[in-house]
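Next come two complexes built around subunit A: one with subunit B, the other with subunit C.
What follows is the complex of A and B.
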């Protein structure tokens, strides 16, 4: 293998695939990146067996070939080089790659490319495409609500429901639920529901930042793998098997009290109370008070830590319905408030032990439900 | 205002209680613990037994070897608890600022309360007298301006002693004492300090604070101030329970998984019952294992949400145990479980998991049956191995 490419391009390519490489693994080769010189391009592949990222870098190929080298080492070295031409050479019958740029040179011991796990090819099944921005927004608004513990694997993923020209992303960790709906650019033939690992979608979201073009999504027939095709990269992911809980029954169909407040104000006073809530199981209490003819309605947010103290903040609100009390984990509130673009949000509640709903005002494609905390009032 | 703090410690508490029940035990070496043919440890040894080298925490088999003529008594905690409660009640008559440290010792802040008695020493004598008259137990009392010195003083004047370290004389008192007398300094710390050429509390006190901080972290600054006679801790009633724990030493060292898991289940059942009784939820589950060679380890998990459900607590502890036990395992001597990071009634409600509520109902039903028919009336299948 013999090729040359620009440091800038190689560095960008490594940045795209790098995070898909395994960090610790019982299969050491998954900590490597595959470099394959083919058809006048350099292909880079990394996989942790859950997802695989591939990207292509423009290069001048003098001799085809392939090898794998430790991801961390390669990335750190390439990133430390100046933006000039890099020559990469793999002498035949050797796994030691020579990397040379001007007066800098290194050799890195690799592992045979034959041993690198093949990236599954995903075709047939459900094929569609979606605007990058829409997909990115959707991921941002749901991914944080996935479970991080492995006790219920389906909750560590994001449920993706493809139907007609709509894609619904749903995430839940047992305490909160986020549902985001977006338009697809092309309708899917059949309805499909799959659970995509949150890690994959977060990684995809990172790559979407640089892209204007739509993303092509393919789910295979067995619904075991998904492929996301971007402009210069591909991400293939295993899908989580199992059935996502029936979340529709958790979303309240009505409310007895609804308060519309300023998102930033709400976020600010929630964070303020969370300072005290740290020592009180994270509990913040919301008191929603309707206004009268002369006074506006208000929402009071407070936290009380037995041995430390407490705080109370209030903000104006447009309140519809009767006075209401509800307590939440401060983090669940601030998590959702921090990802909203809209200036105003509605909070809808019924009883102190029924789920509360967070609804950005002016859009109907996003809903967030938080289970309250049971407290003594 | 200069504080006046008592540390009151009952002498050879368990043995002394046994003697009030059976006067024939007077003036003889008596050891309270479990059954010496099994794996118990010494809980308390009479002063007659101590010259043989016997001390609390020693395996009973060893105690038996050192002093075969001793009278071994199996501990009966119901008696001790009753005496302990009466002991604390007596102390509470002298000052409302009482802090029980364990079953047989307490701090008492008597600042201002000693005046009617003439002096703090006179007050201490009255306390001792009442304890003796009402409980037939002797106590040793250390008097000082702070907790740590009061505790050291009571330790030095045992048994049946009284020692006051007058205000301003803290350094004179502490300086010549060996390191081991300083509460908090265990064998390991002592060893490290000795390697640094430190043998007495006085020498420790003169070390630069920075050295201690670097070597021992936060703990270093604490013992450094203790060594200098500085201890601002208030005497205060425990503000709610901080943790709930239970442990058991096996009759025979054991490495059988089923047996270990069953024991763990039993302990979890016990601590979670107590947790619910106290109306608390726990966020942290700690597993403790002591191997046959006395090596002791603890492993802990912090739950995402605090819980009071037996099933969740056991499940968490079980994962910890399975993760900790590797293939070739040394036999286990002791297993224990601790619940900490306790919070009150507040709990996070669940969205889908109806199992949690079901388990909660199950716990409630079990508690009702046990209340009516006794604790042993209902056992879970897992306990069958023990």
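What follows is the complex of A and C.
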């Protein structure tokens, strides 16, 4: 293998695939990045057997070939080189790569490319594409609600429902539920429901940051792998096997009290109360009082910690319905409030023991449900 | 072609399950160290991922990758692997496996997760494992390998199919050594006896003369101690005691050599010379057997067993071994009884 490319391009490519390389693994070669010279491009591949990222970098290829080299080492070395032309040479019958740039050079021992786990090919099945901005927003608005604990594996992923021209992303961890709906650029032939690992989607979200073109999504027939095709990169993800719990029953169909408040104000006073809630299992109490003819409605947020103290904050609200009380975990509230773009949000509650709903005002594609905490009022 | 030898019953069972596609989701492979548990586990993994019509073929790409530990869907965790601490297989390792188990196979047809020396699973890790064994995801086969079944949680055992590997007859091992590995008949005979039905040991001893050298050193010591003075015996007890505190397994291996030696003495005394393990020491054994009574041999064997059990249960190793040495028949008692 013999090729040369610009440090800037190589570094960008490595940045795209680098995070997909395994950090520790029983299969050591997954900690390596595959470099393959093919058709005037350099292909970079990394996988942790959960996702596989492939990226192509423009390069001048003099001789074809492939090798794998330790990801961390390669990335750190390339990033410390100046932005100049880099020559990469792999002598035949050897796995030691020589990297040379101006007055700097290094050789790195690699492993045979033959042993690198092949990237699963995802071709037929459900194919569609979606605007990268919309997908990115969707992932941001649901990913934080996935479970981090492995005891219920399906909850560590995001449930993606493709139907017609709509894509619904759902995440839940047993205490909260986030549902985001977006439009697809092209309708899918058949309805498909898959669970994509949250880690992969967060990685995809990172890659979506610098791209404006739509993303092509393909899900294979066995529903075992999904492919996301970006401008210069491809991300293949393994899909979590199992069925996502039926969440539709969790979403309350009606409410007795609805309060519309300013998102930033709400976030500020929730965070304020969370300081006190730290020592009280994270509990913050919400009291929603309807307004009368002269006074506006208000929402009171308070936290009480035994022996330490407590705080009470108030904000104006447009209240519809009767007075209501409900208690939430402060973190769950601030998590959802901090990802909303809309200026106003509606809280809908019924009783202190039934779930509360958070709805951004002005859009109807996002709904967030939080289970209440049981407290003595 | 299965590479495991002498386990025909298990192989028939597996062959039939493979044909009917009715393999269990989890197996426990039990048997003494080096008996072929890992070989069988690798074979099962190959069989499940093989592209050939008669799995495991051992030749296709999947089979070759699995054999060399390069297959993405076959994961093996051991006590020494990077993911575990040195003393036990912890809960984090199992969590990692659980995550892997819930993803579909990456390049093959079936994920195979092998836990080597499963007796080293910590209690939390075992309990974590129970949950996955209870609700097994599709296309995943668990293989738990263990030499010490009593140390596994009964709840784990009850959720897996037990495959007990039997010691392989010496003739089969001898044949394996001479035919497939080109080892001289005399050496093959000795190894096939010494390995006590564990082909793995015979193969590694054939490749590594060091193992045989070590054994020779041990045997010479054991042989000489019967004639040795009390001081020599106590020095030996102290040495063995310190080996035990550093490396339990090495000490247990020495105890096992003791057992084979005295077992041989008993066999000779009982007139069944053909079955002895230490064939290369036949003459010495015969001479010693002549000087001892059957009762003495029996009593010392019982003593050996008890000491082995006692030190495995953490009594003071040096004290137990000193007491053992005191019970070792001495020259004087030998002449008394003759």
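Here is the rule we use: the second predicted complex is superposed on the first by the 377 of 377 C-alpha atoms of A that agree within 3 Å, B and C clash if a C-alpha of one lies under 4 Å from a C-alpha of the other, contacts with A are read in each partner's own complex, and residues count from 1 in each chain.
Please note the rule applied: contacts are C-beta pairs under 8 Å (C-beta built on N, C-alpha and C of every residue); 3 or more make two chains touch, one makes a residue touch a chain.
What you see is a predicted model, and the numbers here were worked out from it, not measured in a lab.
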item: Joint occupancy of subunit A by subunit B and subunit C, clash or fit; value: clash
item: Partner chain(s) touched by A:174 [first = subunit B, second = subunit C, both, neither]; value: first
item: First (subunit B), second (subunit C), both or neither touched by A:283; value: first
item: Partner chain(s) touched by A:239 [first = subunit B, second = subunit C, both, neither]; value: second
item: Subunit B versus subunit C as contact partner of A:375, first or second or both or neither; value: first
item: Subunit B versus subunit C as contact partner of A:353, first or second or both or neither; value: first
item: Which superposed partner A:248 touches (first subunit B, second subunit C, both, neither); value: neither
item: Superposition clash, subunit B versus subunit C, among 279-287, 315-323, 333-341 or 369-377; value: 315-323
item: Subunit C residues within the subunit A interface of the complex; value: 65, 69-70, 72, 75-77, 81-83, 95, 98-100, 102-107, 131, 137-139
item: Subunit B contact footprint on subunit A (complex, rising order); value: 149, 172, 174-177, 245-247, 250, 280-281, 283, 307, 327, 329, 353, 355, 369, 371-376
item: Subunit B to subunit A touching residues, read off their complex; value: 239, 281, 283, 304-306, 343-353
item: Residues of subunit A defined as touching subunit C within the complex; value: 24, 26-27, 29-30, 49-50, 115, 117-118, 120, 150-151, 153-154, 156, 197, 222, 224-225, 238-242
